[in-house]
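I've put the structures underneath this note.
Each of the next two complexes has chain A plus one more chain, namely chain B in the first and chain C in the second.
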Partner chain A sequence: MSASQSAVRSRAEAVQVSRTFDWMILFTLFTAVLGGYHIHYMLTGGDWDFWTDWKDRRLWVTVAPIVSITFPAAVQACLWWRYRLPIGATISVVALMVGEWINRYMNFWGWTYFPVNICFPSNLLPGAIVLDVILMLGNSMTLTAVLGGLAYGLLFYPGNWPVIAPLHVPVEYNGMMMTLADLQGYHYVRTGTPEYIRMVEKGTLRTFGKDVAPVSAFFSGFVSIIIYFLWHFFGRWFAKTDFIADDAS
Partner chain B sequence: MKIIKDKVAKLSFVALLVAMTAAMFYAPTASAHGEKSQAAFMRMRTIHWFDLNWSKEEVPVNETMTISGKFLVFAGWPETVDKPEVSFLNVGIPGPVFIRAGSWIGGQLVPRSVSLELGEVYEFKVLLKARRPGDWHVHSMMNVQGGGPIIGPGKWVTITGSMSEFVNPVTTLTGQTINLENYALDNVYFWHAVWFAIAFAWLLFWIKRPLFVPRHIAVASGKADSLISAGDKKIGMVFAVGTLVIVAASMGATNEKYPVTTPLQAGLLRGMKTYQMPEANVSVKVDDATYRVPGRAMQMTLTITNNGDSAVRLGEFNTAGVRFLDPAVHEDDTAYPDDLLAEEGLTVSDNSPLAPGETRTVEVTASDAAWEVYRLADLIYDPDSRFAGLLFFWDEKGNRQLVTVDAPLIPTFI
Partner chain C sequence: MAATTESVKADAAEAPLLNQKNLWAGITLYLVFYSFIRWYEGVYGWSAGLDSFAPEFETYWMNMLYIEIVIEVLLFAGINGYIWKTRDRKVMSITPREELRRHFTHWTWLVCYGWAIYWGASYFTEQDGTWHQTIVRDTDFTPSHIIEFYLSYPIYIITGSAAFMYAKTRLPTYHEGLHLMYLIAVIGPFMILPNVGLNEWGHTFWFMEELFVAPLHYGFVFFGWAALAIMGVVNTEVMAIAKLLKKDLA
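Then we have the complex of A and B:
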């Protein structure tokens, strides 16, 4: 702003304007991430996140972290390298989950009357917080990708288990055994989601016996590392200021 | 400054709109009214529903009703639709206005997908428990992998009462009786609230200080390291370790509270019990079939041979759930939906009893507005312009025989 007159006349006013700016940018960031991340997650994680009878020990555990580490990695890249703010992952996931809760509560329950206990979103927050702290302490993309990506994958299942476990209590129903989550899916009729499109308990990790969840979580963690790198680069690229013509660096 | 502020404000508004659109983007389909929009050949040549019965027309909340009947998996299944090797017996209702308390094919509970054989008849029953008051169109329905939903006939059913009174008690194998309608819901809210609170605390810890402008200036002038203090790192450690501890502790506590859990159950059910229809000893040959567009009538020339030992008469033609009856032979007493029932819709040029051993060629006309209303007439625009349906004959003792027909259909426009 060298050529033009300064818009502020005192230091106090500058501080105040800067703070107004903070809130506006935070609000914009939050809502933009909410929109983009939410659509992305619905298209990639979709039914695995919508319904309890999709939340199994294999594919849900594998898919959810891999497709959800994307925006956190990109927003971290921007907020950390430009502003040294270690909140990129947490703010993304909070935005996503706020959007999901609005959708599940207003549409799934309020509009279509599915009980909330069948269509609540997965909890991605523990992994996001750890991801942010690792970036802050290590100040390294590689470390965050490797350690953080793995932690993000590993924390997903235990982070959701307290919520999902009650629904995995078995029940005998007309001569068949199923979990309460299976029964929810059976009781609460979805005409567009027939049983066969449910992708649960499928996969090739069966050689590990009954402890498939930890194996799936490790696998998910490894893939999350790669996805983290990829999206961190996306984030850095988008956070560039080259496309702004002026002298802004 | 003012301009930039305006721009950011505008951008915020756009972002808010995008976010709201995204949140509104998805709601599970509330309407189940696909029956008329489904291609006619799909409805005529895949699953033929018959002997349908809706046990009630009005049900109070918490009480049950059944849809029962039979379906024939048509032998001339269209090439363009995947075979029903993986299918799911569903009901076409607008969302969970009823819960599906049970569903059976040939007496076997079918909460999972099943494999069906072409040319076979199956008996089915769906038990529905009323949940949400209103007038609902209740259809039988079969989802076929690679073929989509195949919707059967629908009937209006009224649910009375109040949804707030709906309960869904279930007794688990660990001995508790729970209400699945809101079971574990407090637990869901509790854990999500806990994690949101922790996440907000972390965000607040950073957001309460001046952010973008001063921090950007510091980073740009090479003083980035000064932005993270030793105290910040300590707090960060507390959050990370705290997260791990809470995850581990809550997982341990959960395992103690729910020692018995099982994985989700899945898998295809094979070898479903078929229903044996009485052996048909009438044979039918379709000489030709035309659909007269202005008259909304289908006309078939049939050569019928009676190989049995009792004289028979043609009483019903059923296609895509629309039933055309000859009242002189058969009348409906099952309160079949009006719009799908043409009580006098079937005319046979000579429907006197066909004696054993006799062969006769007759003109059969099936006419009703249902051809248009249910868009069955669109068949003539389908890629494979064939029609198919079920013919029911009755002998002197009142026994019924089922014969399927499947032949090309020629439209006439004058």
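Then we have the complex of A and C:
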């Protein structure tokens, strides 16, 4: 074997090989990130993401961005800092949402018969695009964390507003005032998740009236900044190429 | 001229760098198998999977559990045993072209691993959410768990360990030691399976309720993070492949 011998026989073959690897790498990265991100997100913010009657103005707005900025920050740390690809956040969120939409349709609807308009996933794309754009233009982890993290939290509610607004209109039902989303929850019974463990609109923040969602979004943005920093370094660590000693070799 | 003709003949006889049939067969195998499983769940989940004390539950679900566990143990031992038994003992002596060919085969395994992780960690795990939030469970071995925990997780464990074993036994890149992120990318998701013990133990306290964001589930979250270690594997592979492609062309 010659140290300078090439594995390919022409530049055209080299290009073809390189492109083929690109697709195989992209597919593997997409599906592996999808799996890891999805299991993380569904078990840290899932209940708010599953059901419209959990999608309130307080905890959904607070929790979803905080727990979902994790994988985008980590994948950015690899794709941008190693390959100058400004798509880490977007590709993570697209992967997550592909997994979620398939599931909501095939299983929430297809197996347990909840209509898709009670169990559609939250929209995380606007925040992810902004994260990537800020990183691309600023080329700064700190700027992306502070400005991007804050924007990620602030954009979540407006990004979902057109979808959730029709379900937040008030209705009177058997003498009680509730939202249309609450009514969906009452009608489509989840036997395993009774009403008393639903975490929505807790505490006195509700007395702020119309300010609840903006205050929650602002707090969410603040925590998202911190989480971004943390997960950026997680991402760098996971991107390492170190070997550990192998006695057998 | 004669030498050129010989060379062309040799090229024609040579195995392709990427065996596309294997790649597509792998992807299709998971897709077709899991489509069948999903059909099975749809039919027998409701008709035979609601009462674990019913005879039909034993017929359609417990028997499935017993069969799948036996097959998985055999597959794990068979595939990894075969890859180990047929290992290349002179891995540092292979030609660059053969090394490139093996990288393609390795990536066929990794594509299947990613695909298997999708089905296990995304498709069947969130599916478990809607099943258990809808149905009141009366056993640890529910129809959803028999598929999620004891079928889809072992399948990605088998696939991941086979990919790791292939890389370790056939690629010079991984000959110098144990690749830390590769280990994490395989062992982390593997640890989700033992973590089922914690999950089921906890659910014996909170048998009826299914709050998906409950701290009881955070073990799955922690080990799910390990999927990010695939980035370390990608980085190592990109460096190795670039090195092979950037050498002087013949």
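As a convention for this text, the second predicted complex is superposed on the first by the 230 of 249 C-alpha atoms of A that agree within 3 Å, B and C clash if a C-alpha of one lies under 4 Å from a C-alpha of the other, contacts with A are read in each partner's own complex, and residues count from 1 in each chain.
Everything that follows uses one rule, which is that contacts are C-beta pairs under 8 Å (C-beta built on N, C-alpha and C of every residue); 3 or more make two chains touch, one makes a residue touch a chain.
Bear in mind that the values here come from a model prediction, so they are computed numbers and not experimental data.
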### Query
Should A:Ile39 be classified as contacting the first partner (chain B), the second (chain C), both, or neither?
both
### Query
In this superposed model, does chain C or chain B come into contact with more residues of chain A?
B
### Query
Is A:Val163 in contact with chain B, with chain C, with both, or with neither (first, second, both, neither)?
first
#### Entry: Which superposed partner A:Thr28 touches (first chain B, second chain C, both, neither)
both
### Query
Is A:Met176 in contact with chain B, with chain C, with both, or with neither (first, second, both, neither)?
first
### Message
For A:Glu195, using the defined touch cut-off, is the partner it touches chain B, chain C, both, or neither? Pick first, second, both or neither.
### Response
first
### Message
Touch test for A:Arg19: chain B only (first), chain C only (second), both, or neither?
### Response
first
### Query
Is A:Asp56 in contact with chain B, with chain C, with both, or with neither (first, second, both, neither)?
first
### Task
List the residues of chain A that touch chain B in one complex and chain C in the other.
7-8, 17-18, 20-21, 24-25, 27-28, 31-32, 34-36, 38-39, 42, 50, 82, 99, 102-103, 106-108, 111-112, 114, 190-194, 197, 249
### Message
Quick check on the complex: what are the chain A residues that touch chain B?
### Response
7-8, 15, 17-22, 24-28, 31-32, 34-36, 38-39, 42, 50, 53, 55-57, 81-87, 90-91, 93-94, 97, 99, 101-103, 106-108, 111-117, 120-121, 123, 125-126, 128-130, 132-134, 136-137, 139, 155, 158-159, 161-163, 165-184, 186-198, 200-202, 249
### Message
Help me check something: in the complex, which residues belonging to chain A touch chain C?
### Response
1, 3-11, 14, 17-18, 20-21, 24-25, 27-40, 42-48, 50, 63, 71, 74-75, 78, 82, 99-100, 102-103, 106-108, 110-112, 114, 119, 190-194, 197, 234-235, 238-246, 249
#### Entry: Touch list for chain C against partner chain A, complex
11, 17-18, 23, 38, 41-42, 45, 93-97, 99-100, 103-104, 107-108, 110-111, 113-115, 117-118, 120-123, 125-127, 129-137, 175-181, 183-185, 189, 192, 208-213, 217-218, 220-221, 224-232, 234-239, 241, 244-250
### chain A-touching residues of chain B, taken from the complex the two chains share
1-2, 5, 8-9, 11-12, 15-16, 18-30, 32, 86-88, 90-93, 95-102, 109, 111-113, 131-132, 141, 143, 145, 149, 163, 168, 170-174, 178, 180-185, 187-188, 191-192, 195-196, 198-200, 202-203, 206-207, 210-216, 218-220, 224, 227-228, 232-233, 236-237, 239-240, 243-244, 246-248, 250-251, 253-255, 257-258, 260-266, 268
